[in-house]
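I have placed the structure first, in the form of structure tokens, so that the comments after it can refer back to it.
Letters A, B and C name the chains as they come in the text, with residue numbers starting at 1 for each one.
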């Protein structure tokens, strides 16, 4: 898998290669047009925009961003989203690395049954237990708190994280752990001081991946959280987007404010993100 | 399913404690509510306070519920469209990108929409599809065409599917690219030396070697088609025409708006059964046509 | 083994301490919190509510009032039901009078506030109480009396084209034809939330098929059907409007709020909407004269219609105290403050049709006209989505949307309604 494929040549060159590249560039332009349009339009006044949505504006108006930031209370809901994301990812990472370690390195009664339980989570859509979960949260008074999003986001993130980390452990020999065991370390020490550091690459992938998932979650807060105080960015923006006072360009400005940090984070971590996706797919 | 070498280092039944936090969380949040939902689907329970056990009524009602039928049809349409728009486009892009030098910039740009929250994607595309001052209609009228109401019948499903394709094509491109990159260059090179055409290489060599990934993509698209909620809710809002109602949205409407817990549970069970049936069918197809694909 | 157990314990502790932290963070610092919930309000109304909350907090030391209007347009169907189901339900909440209040009363979510009602009864218009009283008990303090459908029109466009307010349906159609001929959309609706057109064409039903007859069908009385000749006839009027292109093409995808922009830029001539549209037009008078050129008329007379042709669609809205509230006295006190004349005068000033006597500014032509409309008829038709079962209304609204878009014939669409409400008829 890590083979360098530079020594051989699979690239098309010549006219055909050029044609492919031109096609790709054209496709990319169409592909990125919506995002470009969002950025340009978000810096226009509303009247200007309505009259000619396509025109490249002669003068940019940046007041939209300040206004949208204030009106949609982006700062406040950003904090809510951060809390939800941090706690969920922490839960996923601790729980799944411990479980994956035990599934790969330890043996105990019921191990394979427990492992196969998580496959259920890989195939079940959230909707299949949403109703039961809602009723349960209502009875236990979790509804309309941050937990009503954190708990399901964590539980739904567990299966794939366990699968990834376990596969990673499985692919490595256990000689280091075994020698530590012979030298008298207990299993917890082995997990903490040896196995976990080995797995940090895959855990980093899990973190990046689940952070995006938790940050972008829409349906769960949409059904679980109705109080403004606990709404994450996604659903608070949804409400904002339906309001009359939110003019078109203001809406686009709010979207831009949310999208820009995501793009920055993506271009910093894009290797991790793409690796996470391919690792998940190729292991399956 | 791919299993590596299992390296067991110790055995003791109390080690179950390592797995317990994950297992407990999963049991409490996923498995137990799932069982609840099964039970609820046989109850008459509305607005949280009237309950009657033991009724098959909801399942009987679901057979003749016209909106539910519509939701199923739309769901299958959505899957049909997205197979082409998500995985098909992704495959095409991967097939092109793999044969070009310095493709990383293309790959990361095509992939980029997927990291956007669905609220951003939904509101943005709602504006692109808007009848008045929308991007698409502005281009269309600029070219001398007539305005089209993209989010209403008969365009609704295809419009939403295009957004899906735009969002996820990069995801499938990345998967297929990884699969294609694992094909040794020497195979491709020798084919090229033998004078194989580009389409020949793609169809006869590359595609067969990643057919397990194609099956995986099919699995993801079809099961994912039954999970799609965000885009439909944000793009179509209440969708009075019901021209784009799909199962997850129908479920939220019945359960959260009409507060019909019994019927909502039954709908969610039907949805689960369909997803499981699809997984079984795809696995079956996989066994017949693909067989066990050995790693190379 | 001990270490393993310790680790397990630590994780659990970590999670639960985080939980306690959250729980503590989510509780207000003040000892008592009174929660109010409503759908979205305009900025002017929010200012008045804010001063009301401040006064209440001053008069009741140690009490914090929080106001939740975050559900926006989803309040009616999703926001409120979920809030009521949550652990921090609102103590006082906004509601539309009628079937919805009755449901809350049956579900133990509405406090019997007959005592308060008796106390303030002399100060309110007597018609305000319909939809608030069930089985002799009062569950809602009605603050507003609204007409939900009246035809708002652009006076400039009308005078430019030399048009006059139509009295009959045929005159109305002629008028639409002339507006369309001038390149302007005759009727604008932002129906992506289904209720605008649902209310508009819903009134056709009782005007054409008769008020009692329509009420019977919408209440799902035994032996009634939606697919009946009178309803088909009524819906044919709606289908005609769509077929002739008198309604904006994107009626069913245009959002309610974004739609106003198209009225204010003079590209559309009429919008069937309620009294609350006054708040869009009146207070803007000074700030933005371009919005000041609106007036309204009641729906025209339908030829051969069996219903009262002077009827209007309307309802009372107000606030309900939650029966499950821990602060019954405070909730009642708050309702009393809200319905006090001082505040209702302020609401009336920004265009609300307060039900408190003597609050409306009768020097305003708008307000006198609305009062005339209300006083000129005995028949108030309830909006389907608040007066009847929500599921029925959803089905009917979707039929109306399809009829307006000419996706379905009136017969087919109404037949589909019968099919959808079958399970409610038992």
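Throughout what follows, contacts are C-beta pairs under 8 Å (C-beta built on N, C-alpha and C of every residue); 3 or more make two chains touch, one makes a residue touch a chain.
Only a predicted model underlies this, so the values are computations on that prediction, with no experimental measurement involved.
Chain centres were defined as the mean of their Cα atoms; on that basis the chain farthest from subunit A turns out to be C. The count of contacting C-beta pairs peaks for the chain pair A-B. With centres taken as mean Cα positions, subunit B sits 16 Å from subunit A.
Subunit C has its Cα centroid 38 Å from the Cα centroid of subunit A. Centre-to-centre separation of subunit B and subunit C, using mean CA positions: 37 Å. Residue positions of subunit B touching 2 or more other chains: 12, 14-15, 18, 21, 48, 237, 256.
Contacts with at least two other chains are made by residues 50, 91, 94-95, 98, 138, 187, 223, 242, 248 of subunit A. Among the residues of subunit C, those touching two or more other chains are numbered 1, 4, 7, 11, 73, 78, 82, 85, 255.
Those residues of subunit A that touch subunit B in the complex are listed here as 1, 3, 5, 7-12, 16-17, 20-21, 23-24, 27-28, 31-35, 37-38, 49-50, 52-54, 91, 94-96, 98-99, 101-111, 114, 117-118, 120-121, 123-136, 138, 151-152, 154-156, 158-159, 162, 167, 169-174, 177-178, 181, 187, 190-191, 212, 215-216, 218-219, 222-223, 233-235, 237-238, 241-242, 248, 251-252, 255, 258-259, 262-263, 265-267, 270, 273-274, 277-278, 281-284. Residues of subunit C touching subunit B in their complex: 1, 4-5, 7-8, 11-12, 73, 77-78, 81-82, 85, 103, 107-108, 191-194, 197-198, 248-250, 252-255, 262, 390-391, 394, 397-398, 400-402, 405, 407, 416, 419-420, 422-423.
Looking at the complex, you find that subunit C touches subunit A at residues 1, 3-4, 6-7, 11, 14-15, 18-19, 22-23, 26, 40, 42-43, 66, 68-74, 78-79, 82-83, 85-88, 255-258, 260-261, 265. Across the complex, subunit B meets subunit C through its residues 12, 14-15, 17-18, 20-21, 47-49, 57, 61, 64-67, 129-132, 147, 149-153, 236-243, 253, 256-260. Listed in rising order, the residues of subunit B touching subunit A in the complex are 1-16, 18-19, 21-23, 25-37, 40, 48, 93, 96-101, 106-113, 115-120, 123-125, 127-128, 133-135, 138-139, 142, 166, 171, 174-175, 177-179, 181-182, 184-186, 188-189, 192, 198, 213, 216, 223, 226-227, 229-230, 233-234, 237, 247-248, 251-252, 255-256, 261, 264-265, 268-269, 271-272, 275-276, 279.
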